[in-house]
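Below is one structure; the comments refer to it alone.
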Amino acid sequence: MRHGKYPFIVSFLAIPLLLYVVFVVSPYAQAFYISLTDWKGLSNTQNFVGLANYGELLSDGAFWRAMSHNLVMLIVVPLFVITLALLFASATAISRVRGSRVYQVLYFFPHVLPVVIAGILFAFFYNPQAGLLNAFLRVVGLEWLTRAWLGDTAVALPAVMVVMIWGAVGFYYVLFSAAMKSVPRDVYEAATLDGAGKLRTLVSITIPMIWESVQVSSVYLGIAALDGFTLLQSMLPDGGPDRSTEVVSQYLYRTAFTDGRFGYASAIGVALCLITLVLAIFVMRFARREQVEYA
Amino acid sequence: MTAGLDRRQFLQRLAAAGLLAVPATAALAACATSGGSSAPAGGAAGAVSATNPLGVAADAPLDVVIFNGGYGEGYAKAHEAMYSQVFPQAKVSHTATTQISQEMQPRFVGGNPPDVLDDSGAQKIEYANLVNEGKLADLTPLLDAPSVDDPNVKVRDTLLPGTIEQGTFGGKFYGVNYVYETYAIWYSKPLFAKNGWTPPTTWDEMIALSEKIKAAGVSPFAYGGTNAADYVLDLNLGAAIKQGGIDIVKNIDNLKPNAWKQAPIVQATQGIEDMVKKGYFFPGSEGLKHTEAQTAWVQGKAAFYVSGSWIENEMKTISPPDFEMTVLPVPTLGAGSAMPASALRTQPAEFFVVPKDAKNVNGGMEYLRIMLGKKGAAAFAQETASVPVVKGGTDAVAQKTPALASLSSALTTAGDNVFNWQFRTWYAPFSQALKTEMGNLLAGRSTADGFLTAMQAVSDKVAADSSVTKYTR
Amino acid sequence: MTTSTVKSPPERPAPVRVAPPADGPSRGERTMSVFSQGFLALWAILVVLPLLWALLTAFKSDQEIFTSPWGLPSEWRFDNFARAWTEGNIGTYFINSLIVVVSATVLVMLLGAMTAYVIARYTFPGRDVLYYAFVAGMAFPIFLALVPLFFVVRNLGLIGTYPGLILVYVAYALPFTVFFLVSFFRTLPVSLIEAALLDGCSHAGVFFRIMLPLARPGIISVGIFNFLGLWNQFILPLVLMPDKNKYVLSQGLAVLAANQGYRSDWSALFAGLVIAILPVLVVYVAFQRKIQEGLAFGGFK
C-alpha cells in the first residue's frame, strides 16, 4: 500500500486544506494575535501587551461566573439529550412500537427551526401571564408551580436549557436510529433469546455497539453547551435575572462590541477554545472502547 | 472567480490577505492601507459660497447609512432627496440596517466608512469608543455654519437645549443626536378619565394613586424585566434630580465618590423598594421583555409605563386605537424641589456622525445641515411622529398623534427646565450594571441600599481605571 | 483504536423486530411499554405544538398575537404572507439561500469525505495534528474571527459574492463534516481496501468506486445535517453579504426578528418564518423514506 500513497494524500487534502487555512485558520490565528494586544476594534493601531489579557482573565469574576453557567449546561444538556435520543431511537428503530413511522418524521422537526425563532417561540410560552406554560399549570391546578420563568434566578437557566434540549433531541434521535439499524439483527435476537428485556438490551447491547456515535455526539453537544450564544442572546440578551444566565460567548460579545475591548475579548475566545479542545480530547481519548467492525 | 488567475497572481492575493504573515500587525496594516483612499483627509472639497458654506464638492458621491429601527428609513430618503436637489450631480447611496456594529466596524477599520452614519440601536458602536479612537470628524464647523433657512442664524442657535451638550465629548462636538427623546411616565388618558384618576405630580401623590389603582384591579406600573429593567431608573434618579437639582446628576456623571448615595437618590430608590414590596408592579414583569410588558400596559393591565418617547411608534400596531397615549413628567419628591414638577429629562438620541476618514466629510456635514433645517425637521416629524432637535421642528405637522401632541405641549410647559445625564453615554459599564441591578431591585432580590452600593462600586471602578478616558461636566 | 472483526456476512438488515420471549411479555415489560408509548406520544406533541402555534400565529394580526395568543385567528390574514414575501423579501432570500446552501453542501460533502477518508484510513506524519486542527475549528467562537475573516474575504475580492459565501461556508462546515465522517470511515473494512489495491485499483479509484458508495448512509446523514446547519447559519452572511438583495433566508429572518425590538410587525415575522421552514419540512417529509432507507443500508455507526 506504500507506493503512490503520498501523492494521493496530498491531492486529496490540497483543496480542503487550502480553504480551511485561508478562511478558518488564518482569521483565528489573527484573532489569537489580537488577544495579545489591547486592540479596541476600530482603528488599526494596537499595543502589544503580551499575556496581560490572560492575567486579567484569571481574576475576572464575570468570566468565571459565565463559565460556571456553561459548565452547568455542559453537564445537563448532553445528558438529557443523549438519554432521550437513545430511548426514543431504541423504541422506534428497534422495538418498532406503534406509530414509529410517524415519530421518525416528527421528531426531526425542531432541528429544522432556526434557533433564533425557537428562542422567540419559547419566550412566548414562558410569559408569566399570557404564556402557555403558566396557563397550562393553572388549568391543571398546579398554580403554585407558576413562575416568572425568565425573570426568576432559580429557573431562568433551566428554562433555557429546556429549549436547548427540545431543539437538539431530534438531530441525535435520527443519528442514533441510523446507527442502531445498522447493527445486525441477529445480535438483538440473540439477546432476546437469552431473556434480555428491552431496557437491558438497550444498555448492555445497543449502546456499546453504537458507542462511537454516542461519543461524537457527546463532544458535539458539549461544544454546543460551551457556546449557546444564539439561543441565550435571543431569549435573554442582558444576561438574565441577576446575570444568572450569561454564558461566556455572550460575555465575549459584550466585551468586544459594547465595551470595545477586542483584545481582551479575543483572549476570552482563546480561553474558551482551549477548554473546548480539552473537553473534546478527553472524551475522545478516555471514553474509548473497542470498536466493532462488520466485515 | 479564481479561474483565469495564474499562480503568481493567486499567491500575491493570498499574501495580500495577510495569510503568509501571521503576525497580525502586518496583516492589519495591509488590510487598513489596502482599503484607504488616496484623497486628502476628509476627502472631496468644493468652493465655499453663500449657498455652499461647508464647501461641498458638487459631484462627490454621498454614502448614507441609517439605523433601520423605530424611526424607519423613510425620513432619510426624504433628506437624501433634498440633498440631491442641491447637488444633482452627486450620487447618493442609501443603506438601512439594524446591524450597525457588524457592518460598520470592518469599514472603520478598513478606512472606508460611510459619509453619514446613524449610529443607533442595540447593535450600535459605542459612541465613547468611536470618539476615543479618533474616528469621528469634529462637527464644530457645522454648528458655526449658517442655517439652511436663515443665513443670519447659525445652526447652533436653531437647536433645542441639550442637543449640543449631548454630542460633545471633551469639548468637541462629534455627533448630532437628531431625535429629542423625552423620558417620562406614559398613561392612557381615557382610562384615567374613566376611573377618575388624577395624574400625580409628587411622589406621595403617586403612591396614593397607586394604591387606588391597585384596588381597582390594575397594576400601577409594568416593566420589561429581562431586557429593559433600566427604563425605571427615570423614576428614582429622575425624581431625585428634579428634587435636588442638576448637581445631583453632575456628581454621578463626574464619577464622584458617594455620588450614588446622595440623599434624594437614596430617598427615591427607597421609594421604589417600597413600591416593590407593596406589589405596585405588574406581577411577572421580571420575566417579560419590554414588548410584552408594553403589550400588557396597552391592554389596560397596568396604568403607568416608564419609557422614552419612542413608545407610541413602537406600539403602533398593537395598542388599541382609543388608547390616547399621554405623557406625564416624573414626580418630584415633595415640596421645595429644585426643578418644577413639569421638568423633563430630554436626551437627544439617534446619533448622526460623520466619520473622519469618510471620503466626503463636507458632504456629510451638509447632509446634517439639511436635516436640521425646517423642511428636513418637518419631514422627520411627519414621518415618525417624533420630535427632531430643531426649534419649531414639529410646528409644521398638522395632524399630531396623541403622544406627540401631549409631548409637544409638555415640552413647551417645561421650557428650559430640561435635564439629561451623560454617564451612560460616556462609560459603557453602566448600561449592563443598571439593567442587572435595577432588575434585582424591581424583582425584590435586592434592597435600595444594595442597588446604590452596587452602582457606586461600578462608578468607583470606572473612576479608578486609567485606561478609560474621562469626561466632566 | 483496536478493532476486532466479527465474521458474519454483511446482510441487508431488515427492520429489526425483536421477538418477545417465549412465555409472553412480563408485567414489567408491559408497564414499560405503556409508559414508553405515552412518553413517545408526549414528545411528539411537544415537538409539533410550537410549530403548529407558529403556523397559527402567522395568520393573526399584531394585536391578536398579543391579546389572544392561544386562540384561533379571528380572520385568516393571508396578507401577512404577502407582506413577508414582498416587504420582507422572503422570496428572494429563499432563492439566495437555495443557491448558496445547496452548492456549499455538495462541495463540503465531497471535500469533507476526501479529507476524512485520508485521515481515517492512512497514516502519515502530522495526521493527528490535522485531525485535531479540524476538531479545534468547531471549538472557537465564530464571531471573534469575523473581523479578520472580513478582511481576508475582502482582499480576495469576494465580499458580497455568492462564490465567496459558498467557499466560506465550506471552510466552516469542514470541521463538523470531517469529525463525523472520520469516525464513520474508521468502521469500513480495511480488507476491502487492501483487496482492491492488490487488484490494481488506484487509491483514488478505491475511494470513488468502493468507499464512497459504501459510505452513502453516512454521507447522506451528514449531508442533511450540513444542509440544515448551513440553511440556518446567519452570522457569516451578516458580515459577508451586506447587500440587502443578496441576503440569505436565515439572515433575513434574523434581521426581521431583531427589528421586532424596534418596530413591531410580528405577524410578518411569523409569516416569514412559516414560508422559510415549510418547504424544508415538506422536502424532509417527502424524502424521508429515501433517507431512512439510505440510512438503514450498511448504517452509520
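Going in written order, the chains are labelled A, B and C, and every chain counts its residues from 1.
Just so we're on the same page, contacts are C-beta pairs under 8 Å (C-beta built on N, C-alpha and C of every residue); 3 or more make two chains touch, one makes a residue touch a chain.
This one's a predicted model, so the numbers in the text were calculated from it and none came from an experiment.
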Task = Please list the single chain whose C-alpha centre lies closest to the global protein C-alpha centre.
result = A
Request  = Could you tell me which chain lies farthest from chain B when each chain's centre is the average position of its Cα atoms?
outcome  = C
Key: Inter-chain pair with the most contacting C-beta pairs   = A-C
Message = Roughly how far is chain A from chain C, centre to centre by C-alpha average, rounded to an integer in Å?
response = 14
Ask   = If you average the Cα atoms of chain A and of chain B to get two centres, how far apart are those centres in Å?
value = 37
Task = Could you grab the centroid distance between chain B and chain C? Build each centroid from C-alpha atoms only and quote it in angstrom.
result = 40
Remark   = Flagged in chain A as touching 2+ other chains are 22, 26, 30, 34, 41, 130
Inquiry  = Please output the residue numbers of chain B that touch at least 2 other chains, ranges allowed.
reply    = 17-19, 24, 27-28, 31, 105, 109, 122-123, 292
Query = Residues of chain C that touch two or more other chains: which are they?
reply = 66, 146-148, 152, 156, 260
Ask   = Tell me, which parts of chain A touch chain B in their complex?
value = 21-22, 26, 29-30, 33-34, 37-38, 40-44, 46, 123, 126-130, 147-153, 235-243, 254, 257-260
Chain C - residues contacting chain A, complex = 1-8, 10-11, 13-21, 26, 28-29, 32-33, 36-37, 39-41, 43-44, 46-48, 50-51, 53-54, 66, 69-70, 111-112, 114-115, 117-118, 122, 124, 130, 132-141, 143-149, 152-153, 156, 167-168, 170-172, 174-176, 179-180, 183, 186-189, 191, 193-194, 197, 202-204, 207, 217, 221, 225, 228, 232, 234, 250, 253-254, 257, 260, 269, 273, 276-277, 280-281, 284-285, 288, 292, 295-296, 298-301
Ask   = Across the complex, what residues on chain A touch chain C?
value = 1, 4-6, 8-9, 11-13, 15-17, 19-20, 22-28, 30-31, 34, 41, 84, 87-88, 91-99, 102-118, 120-122, 124-125, 130-132, 135, 166, 169-171, 174-175, 177-186, 188-189, 191-192, 195, 197-199, 201, 209-210, 212-213, 215-216, 219-220, 223, 226-227, 229, 234, 249, 252-253, 256, 262, 265-266, 269, 272-273, 276-277, 280-281, 284, 288, 290-295
Ask   = What part of chain B is in contact with chain C in the complex they form?
value = 1, 13, 16-19, 24, 27-28, 30-31, 34-35, 68-70, 72, 95, 97-99, 102-103, 105-106, 109-110, 121-123, 290-292, 295, 299, 313-318, 320
Query = Hey, which residues of chain B end up touching chain A in the complex?
reply = 14, 17-19, 22-25, 27-29, 31-32, 101, 105, 108-109, 111, 122-123, 125-126, 128-130, 132-135, 225-227, 282-289, 292, 296, 301, 428-429, 431-432, 435-436, 439-440, 443, 445, 467
